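Consider the two complexes below, in which chain A is the common component and chain B and chain C are the respective partners.
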Partner chain A sequence: MRPGRWGLAGAVLVAAPVLVGIGYTALGAVGVVGVGAQGFGLARIGRVLGERAVWSGLGWTLAVATAATALATAAAVLVAVTFRSTRPGDRAARALALVPLPVPQIVAAAAAVLLLGQSGYLARLAHALGLIGAPEQMPPLVYDRSGVGLILALAWKEAPFLSLIAFSLLAVRGAALEEVARSLGAPAAERFRRVTWPLLWRGMLPAIIAVFIVQAGAYEAAALLAPSDPLALPLLTLERYTDLDLARRADAFVLGFVGMLLAALAVAAHEWARHRWELLEP
Partner chain B sequence: MRVRRPGPGWIAAVLGVLAGVGACGRAPSPSDAGLAALPWDSIVQRARGSRVTWVMWRGDPSINRFVDGWVAPRLRERYGIELNPVDGQGAAIVNQLVVEREAGGRGTADLVWINGETFSNLRRERLLFGPWAHRLPSARYLDSASAIVMRDFEADPAGYEAPWGRVQFALIYDSARTPRPPRSVAELAEWIRAHPGRFTHDQSFTGIAFLKQVMYALGGGVARFQGGFHEAEYRRASALVWDWLSRLRPYFWRGGDAYPADVAALERLFANGEVDFAMSMNENEVVTKVRQGVLPPTARALVLRDGSLANAHFLGIPFNAPHKAAAMVVADFLLSPEAQLEKQRPEVWADGTVLAPDRLPRIWADSFARLLSDPRAIPRDTLWRYAVPEVNPRYHERLAQDWRARIRSLRP
Partner chain C sequence: MTRRLPAAFGLAALALSACVPLALLGLWSVAGAWFYPALRPPTFTLEAWRALASARARLGPAALASLGLALANGALAAAVAFPVGRALAALAGWRRRLGAALVFLPVAAPPIALGIGLQYSALVLGLGGTPLGVLLAHAVPSVGFLSLYFLGIFTAFDRRIEDEARSLGASPAQILRRVTLPLLRRPIAEAVLLGMLISWAQVPLTQLVGGGLVRTLPLEVLAYVRSGQDRYAAAGALVLVLPGLAAIAAARIAARRAEVPPL
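For the complex of A and B:
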């Protein structure tokens, strides 16, 4: 086989389980296969998409993922720009920023419960300092509708990944381009706005999209930190898939398909944005 | 967005579809049909050398120790059976078997720990092998006079599952924090009002079981719900539950705006002092959890006088189990007086026996009588006096659905 064909074979092999999964989910959503299958029909899709709980869960999930991704991106950019030299202090700071990288998401979420819960370490500290008199006076950060605990946990977990990409972007291309801007007489603020920021933003975008998709689909962290209403989409999907009523379990296929559609939309939006830049800057 | 569905189900779905093409519609092996009719000796003979995959709840270290450290070595020595316990419960078992049926071929699980709606779903979908349970030699010692042991949420097991333990619902409290706990649904309501923010229940099985007991209490007793599901009766009684909840909700933890996801999350809130009650579908959980250091030593269990749900848990064999004979031998061993006694020891698991002491040979009956109960445990006669049976699973199903729509959803 020619190298191109090997590449294609590899891609198909990697994609096959996902493609089969998408196909199975689609067939499950229209009632052809899977638990609760009752023969082909579109009624289930209509019913599930007509539920307020589905839309509020979806909206909440997207909002939380957006906030967590924005926070993680901001943290990554800040760390990368602040500690960018080869001095030992900066190297150490960059290494420290990567520490959460290997921590599993469920561990990050469990740590958030211990830290941010109304009986957590933060509350105990506040109590010791005399700021609050009882656990319930601590503002709820876990299981709360604003999703503060979940956003912080997700952002903390994903920031190192984005930082890693930001570090390498600045190290590989940043220095040279900024040097050119400096030699042309651009002041520091202008150099950041015109050179550093666009470089980081465009280089990080694929990773940012990936982080957004992972965070929106995150089950473990939501299970430990999200409120019971609105119910985050991954939690709602599992709740339906394990409903006592067998007939309702296939709702999960519809919800799973909605999730995959959103992931595809996010990727498509990224492709579109990239294409536009290329048109603008040949 | 990548939405995570349950791992085993999803993976099984993909693998099943990938591997299953061409294997569809294969009938169970011909030897299965007459298996349960064979003399017990030949069943034991066939079991030798098998590896039995047992899908069970693996969330309790005490249970795992009993299964891995006590049951498994005895099965290996006496029957040459290798036990392979894997994690899986209820809905996941049903979903996995549905996918395996679609994929065709042999299954993966030999024995499944089930009860209630899981059994009823598995039976309705014809996913269980049987009847076989009446063939177990130890079945002759079963407490056949007890509706709690011989019925599974009102359903007749009909030989498609064998009981192997019984449990009862209990509230867990801390005797140091709450020296005089409420003992009835009415007293509980008063207590909740007097202690705002200190009570809640979880969103999953145990929480709904709690609401079912409230429904029994407010709706005129368990007898009104027995004999199948009655829509009118459900509507009447559930309306009382929603009314009870909407009046008390402002006094719940977080003002009734948020509920812990499952009973483990509720237990965490209790252990951390955020609420004053936890719950368990096992009256002895408090004993094992105190021993594990998860709950404070002053934690105790109580049953509400209006009635406390009691049910049995069972063992089933999937229609596509590769080692059905060995699965029967394992089920029989778990039902034997020896294993039932070990399992009931307070320092082991404290799971109630399904055997009737008066049917047992003298030596075993005496051993059961001598079993010391933990001082923290609820006395057996108290438990049995307030035990009420489960009703048709549809009640549970509807309570769960309606609770989510009417109470959990803040803007219904």
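For the complex of A and C:
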């Protein structure tokens, strides 16, 4: 076999568990396999996709992932642009920005509960400053429909990864391009808008998409920080999968399949963004 | 001068963001009964840390199970991903893009949806609720992630040195053992470490495939936070952070990760 075939065969093997999973959830969704299987039919898909809870959960999940990704991206760009020199202060800032990189999601979520919960440390500080009395007076940041606690925890966890890429983009490509713009007489604001930002955006886009995927699928952070209504898609999927009513368990196949489809779309977007960037690479 | 002040604020904010969550976990892990609105714990105790060292408590055995799974997963995932990444790096054009997308799929798949599929496979294989089943489940996203990692490594690797060894009469096994592996010792060690970290932090796949029978440290932390036992949750969470922080301090792992997606 030619080496090219081996490469693709290996890749198919690595993806096989997911492909099997997609097939299994798809067959489960149409009632052919799994718990609650009653022979082929599209009724379950129609019923699950007709539920308001499913759409509000999906919408909420995507909105939270979008907000967390945007926040992490903004923080990464801000840090990379502000602290880009080799001065000790800038180096320290870049090192500090990377501290949460190896922190597991479950730890970020646990810390968020202790910090942002209604009797958490922030609430205690607010009490000490005389801003609130009882814990209930603290605006809810955790288990809240607005998802503030979840957004902050996810953004805190993923910003370092994006920062790392932003640092390397500016260090490797940014300085030279900006110098050209400067020598052509472009003022600072113009240089950022026309050179630095487009460079960062194009270079970071594959990673931004990857971060979005991870955040949309996040289970443990949502389990600790998300509200019960609307129920985030990963939580809703698991809830149905472990439902006491066996007939409802198969709903999880439909939801799992939807999640897999969205992930596959995101993977395609990721490859497109990476390819587009590679075309620019010298 | 105009730049200094915002930069100083930024530096302070970064320091707070890096230190406060971890410091809070540290404080909570040794706090006695510590209720709102007290700003500092009235009493201190090492009970949670002792539970980590005890075979009779929940945290200790869970930490050991996590460590065993992490070590096995690091070695297994790196061993599988190494040839896959190498073969992918030999591809060009659409084949390479398709290959990269395929190995990215296990990384991108929503963990709960992936877990449902893997639970089915594990049950069919008779591995549901067993440590081996959980290990294989952890290996799925890890192999995907590390295949992308090795794709990056082998794209930069100059294969001509292997051709040279071959022209001097070395067999493929000798080339691997005497040339390729020694040259790539460091990336391989980092790959094992990354594989360990992926397993070390894993929650949903352990929960679904382990079926509650395989208790790892992240699962115990999740359970402790949910039941409001903050001291145990904080101690367990800190233990989950330490290997990663040590790794990032020791290795230049951060720079390498720029080429692969996040955990």
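As a working rule, the second predicted complex is superposed on the first by the 261 of 282 C-alpha atoms of A that agree within 3 Å, B and C clash if a C-alpha of one lies under 4 Å from a C-alpha of the other, contacts with A are read in each partner's own complex, and residues count from 1 in each chain.
Keep this in mind: contacts are C-beta pairs under 8 Å (C-beta built on N, C-alpha and C of every residue); 3 or more make two chains touch, one makes a residue touch a chain.
Computed from a prediction, not measured in an experiment: that's the story for all the values here.
On the shared subunit chain A, the superposed partners chain B and chain C overlap sterically.
In the superposition on chain A, no contact is made by A:V148 with either chain B or chain C.
When the shared chain is aligned, chain C comes close enough to touch A:L115, but chain B does not. Shared-chain residue A:Y219: touches chain B and chain C both. Of the two partner chains, chain B is the only one touched by A:P140; chain C is not.
With both structures placed on the common chain, the touch criterion links A:V267 to chain C but leaves chain B unconnected. In the overlay built on the shared chain, the residue A:V64 is in contact with neither chain B nor chain C. Once the two complexes are laid over each other on the shared chain, residue contacts for A:V12 go to chain C alone; chain B is not touched. More residues of chain A are touched by C (comparison of chain B with chain C). Using the contact criterion defined above for the overlaid structures, shared-chain residue A:V79 touches chain C, although it does not reach chain B. Look at A:L246: by the touch rule set out above, it reaches chain B but stays clear of chain C.
According to the touch criterion, the shared surface of chain A, contacted by chain B in one complex and chain C in the other, consists of residues 17, 20-21, 24, 34, 113, 119, 135, 213-214, 216-217, 219, 223-224, 233-234, 237-238, 241, 252, 255-256, 259-260, 262-263, 266. Within the complex formed with chain B, the chain A residues making contact are 16-17, 20-21, 23-24, 33-35, 52-53, 56, 61, 65, 113, 117-120, 135-136, 140, 143-145, 213-214, 216-219, 223-224, 227-229, 231, 233-235, 237-238, 241-246, 248-249, 252, 255-256, 258-260, 262-263, 266.
Contacts from chain B toward chain A in the complex involve residues 1-6, 9-10, 13-14, 17-18, 90-92, 94-95, 98-99, 102, 117, 121, 124-125, 197, 203, 254, 257-261, 265, 268-269, 272-274, 393, 396-397, 400-401, 404-405, 408-411. Touching chain C in their complex are the following residues of chain A: 3-4, 6-8, 10-15, 17-22, 24-25, 34, 78-79, 82-83, 89, 92-93, 96-115, 119, 121, 123-125, 127-128, 135, 156, 158, 161, 164-165, 168, 207, 210-211, 213-214, 216-217, 219-220, 223-224, 233-234, 237-238, 241, 252-253, 255-257, 259-260, 262-264, 266-268, 270-271, 274-275. Listing the residues of chain C that touch chain A in their complex gives 6-7, 10-11, 14-15, 17-22, 24-25, 28, 35-39, 80-81, 83-84, 87-91, 95-114, 116-118, 120-121, 140, 143-144, 147, 197, 200-201, 203-204, 218, 221-222, 225-226, 230, 233-234, 237-238, 240-241, 243-245, 247-248, 254-255, 257-258, 261-263.
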